[in-house]
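Look for chain A in each of the two complexes below; its partner is chain B in the first and chain C in the second.
Up next, the complex of A and B:
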């Protein structure tokens, strides 16, 4: 069993909005292991980014607030350590790649300067020249052509794919213990996505980092993750080892997500007549029902699901397989 | 009458790049370059390729929302590139377009009823208030929105519902052909499946013909009868959907489809990881534009652009050294 390096327990994050307080993350438990990738999937608004930002202690406050929970990183609760210490961990031990690289790259500094700045903060022993060499080496590592030239360029001079790779180079410049990748390839073409996922995989093997891969693409999950957590309305509704989750989904929402991926029987060339869908839509966080949040879209809902016995909680239903459902599918 | 609704011959769109104080033309982007294809009545032709390869430009050129630089577009046998403004306005009734961002393309200050009625008013499609109302309710019903949507504003709807409004607006003028430019790309998986089903139902019920552009290759493959692949302004291959995985002849098609992450963790498939980025469209490589990234490239490929090889009535490609089929 790999070493557990991060454990999130009962995380609750709230936002104050003009329509009232919403609980964007509600009682989330997650574990990250050394050298392993944990996938977090779910539709937009399900609380994936807020969970990630909580680990980094980057929840904007106000309006946000971590209302409850612990985030244990190698024996320390990240939510309680002093701010200075958190700053040292951030980008050093725990790094994050954001979906839109342009918002996290500084437009007025060259790509080289930005990587060097990270190195200056985290590897103080390096000289100026050594930092430049290391920046070029990092750009080369992430597959940027002619890195000696690119290192002097500004973010806007690069293509979207290259900017994302620069972000990855920056995140990896300090060889982090944990890499949080928030939809790292959603904005990219599949060919570039394949390059980047392969690169992350290679670096993970070399550095042994734990990865949290946030995505809504189940293809990316199937190909990159060891374990998966499925989020819905701020809660984890199912988690399991990746093959187990795809082969034996227990929560009706997970099953619906897997089935709604267009698929084609390439042996016969027949397409399914209709795509199976999950009817309806995600309820508003302002107006969650009693009982199970998925009840209005679920074909298996009973009175129990509508609140007579409270909310379904995440329960073990097999080896390393948990689901929050009163009537798991089996 | 021919079985083809649309027949496109040698379509080209060149965007000039101007520079200097006199705004002289200093270069050009061939966003669409010498593209020919046909779409049958009732058929869906998918259009895929990496961003910037010319999909949107091609889609809009077909409706002359962008004026093509050269080429012909026959719609029901009429070359629409030769039509004058009046003729084109009449033709637009038959040719509609749906965009990716359902919010940006809906006027936030108009009710859904107003938005849907506008195109019908322009074309004088109803006689009186009663007919207008009947038609609006029918449109909402077709896209499975409730009747009370008529008096609401776009911001009161979710992304998937807004895309339904855009679809209803396109249907309002009873078109025969719709260019769908990334209509489900901004939607979540479960909502995407709902909209895809809706579009396929509408196609069947109304006999529509689609050009369906998307960067999600799985969706395109699913919804299309045939799929066309573009690279740097050129159409490099057209094939039936089910041929794209196993039967691709163009190396780029093969690489593109092998890059799709497979949502089945039980199988691993061989992946071709393309090296490098797409070259600049302002300055594409000589000969076959794909040669710097192609593992089959020979000297011939660097010399001139490969001609079209028609393998069958539904499958064509442009490549000197196509993949051998096993």
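Up next, the complex of A and C:
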């Protein structure tokens, strides 16, 4: 078993809105292991990005607030350490890349400058020249051609894929323990997506960091992750090792997600006539039903799911396989 | 492309713009405005007197030649003589520029620096009570008439407390200082409301950008993020707003100068308008236009220094 480097316990994040307080993340438990990739999957608004931002303590506050829970990183609760200490961890031990490569870099500084800034902050022993060399080395590492030239260029001179590579170079400059990737390929076209994912897999093998891969794309999960957590309405509904999850989904929601991946029929090679979808809509966080949050969209819902026995909790239903469902599928 | 080539090209563009501006000024002053001989000689002048004066002023020549005079004055700054004081206008401008600039430059610099500093401070505390009260204060200050500031300042600080001179001016440093302190303070107070609101909006626009979140994720402190990342991006709209005000500084402040009896260009212009002294008004119009055009070129040049995305095309 790999070393556990991050453990999130019972995380609750609330947002104050004009219509009242909503709980965007509700009792999430996650573990990240060295050299492994944890996938966090879910629809928009399921709380996956908020979970990621909480680890970095980047929840905009106000209106956001971490109401409960602990995030243990190597024996320290990140939610309780002083802010200055958190700043020493950000970008250094835990780094993050974002969904929007086009806007995540500062337009008025060169990419070299922005990579060097992280080094200047966390590796004070490096001289100016060493920082420049390291920036070029990082750009080379993420597969940017002629890095000596690119290092003096501005973000607008690079394509979206190149910018995301720069973001990766920047986040890995201090060789972090954990890389949080918040939908890193969503804004990129498919061929570039594959390149970026491959690059992240390769760098993970070289540097041995743990990755939290946040995505709504199960294809990305299949390609990159070791473990997967499926989120719905701010809660984890299913958690398993990746193959197990794809082969034996236990929660009807997970099954629905997997079935709605476009594919060709495995026996005839024909395109399926109709792509199965999950009927209905995600309930509003302002007014969640009693019992299971998925009840209205579930074909197997019973009175038990509608609140007669409270909310389903995440419980083990196999080796390293948990689901929050009263009627798991197998 | 070379920055110097860019500057020279932008300056060449100034020529057609200036010719157009001269045409407008010519139409306004030489064609639309009333016959100057009537103003200068009064109602009871004889026809021959008027003829002589028209010849003397060169008004009997063709419109094209008169237009060329306007163009010539825009390039040489030779504006002729004032009708009422018979002084060389350029000498009047030189004399008036000093009191105006001793008032407007410190006031402008102070109000810009103070407003940006307050906006950064307020933007840092965005959404909190501090932010809301400052915005409320700004709107309140904007809602009070500028006359109220001037009259209250003169009555309370200058008359009651005797801290400053009530009005007047003396040439030479440091003699002018006691005369300009109060108008400078009032100028800054008047600008604070609109400026803080404007800069705050610009800075808040930047604070919610994705690159700020990236900067935080890197582990940078809020101060570095504000002063390095946010301010450099906010500089682009700020430069436009600030530089385009500079040409008007030579005018001083019409109202402040007249209330504080400062013999600046604002006062000169006001007197010229009151006495229908058209050559002076025309000279001031040309001067401001030329300055405005040149400073807009400067704005474009500064953009290229602040924002790498601006191409020198």
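Everything that follows uses one rule, which is that the second predicted complex is superposed on the first by the 325 of 330 C-alpha atoms of A that agree within 3 Å, B and C clash if a C-alpha of one lies under 4 Å from a C-alpha of the other, contacts with A are read in each partner's own complex, and residues count from 1 in each chain.
Methods note: a contact is a pair of C-beta atoms (placed from the backbone, for glycine too) under 8 Å apart; a residue touches a chain by one contact, two chains touch by 3 or more.
This one's a predicted model, so the numbers in the text were calculated from it and none came from an experiment.
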item	value
Chain C versus chain B on the shared chain A, clash or fit after superposition	fit
Touching partner for A:13 - first (chain B), second (chain C), both, neither	neither
First (chain B), second (chain C), both or neither touched by A:261	first
Which of chain B and chain C A:178 touches, first, second, both or neither	neither
In the superposition, chain B vs chain C on chain A residues touched	B
Touching partner for A:135 - first (chain B), second (chain C), both, neither	neither
Chain B versus chain C as contact partner of A:278, first or second or both or neither	first
Least Cα gap, in Å, left between chain B and chain C after the two complexes are fitted on chain A	6
Common interface residues of chain A - those touching chain B in one complex and chain C in the other	none
Chain B residues touching chain A - in the complex, by the definition given at the top	50-51, 158, 160, 188-194, 196-197, 200, 215, 217-219, 221-223, 240-243, 245-246, 255-256, 259-266, 271, 273-274, 276-277
List of chain C residues in touch with chain A within their complex	127, 209-211, 213-221, 229, 232-233, 306-309
Complex interface listing, chain A residues touching chain B	43-44, 145, 159-162, 189-195, 197-198, 216-224, 242-243, 246-247, 256-258, 260-264, 266, 268-269, 271, 274-279, 281
Contact footprint of chain C on chain A as seen in their complex	56, 58, 62, 87-92, 95-96, 98, 100, 103-110, 117-118, 121-122, 154, 156, 167, 170-171
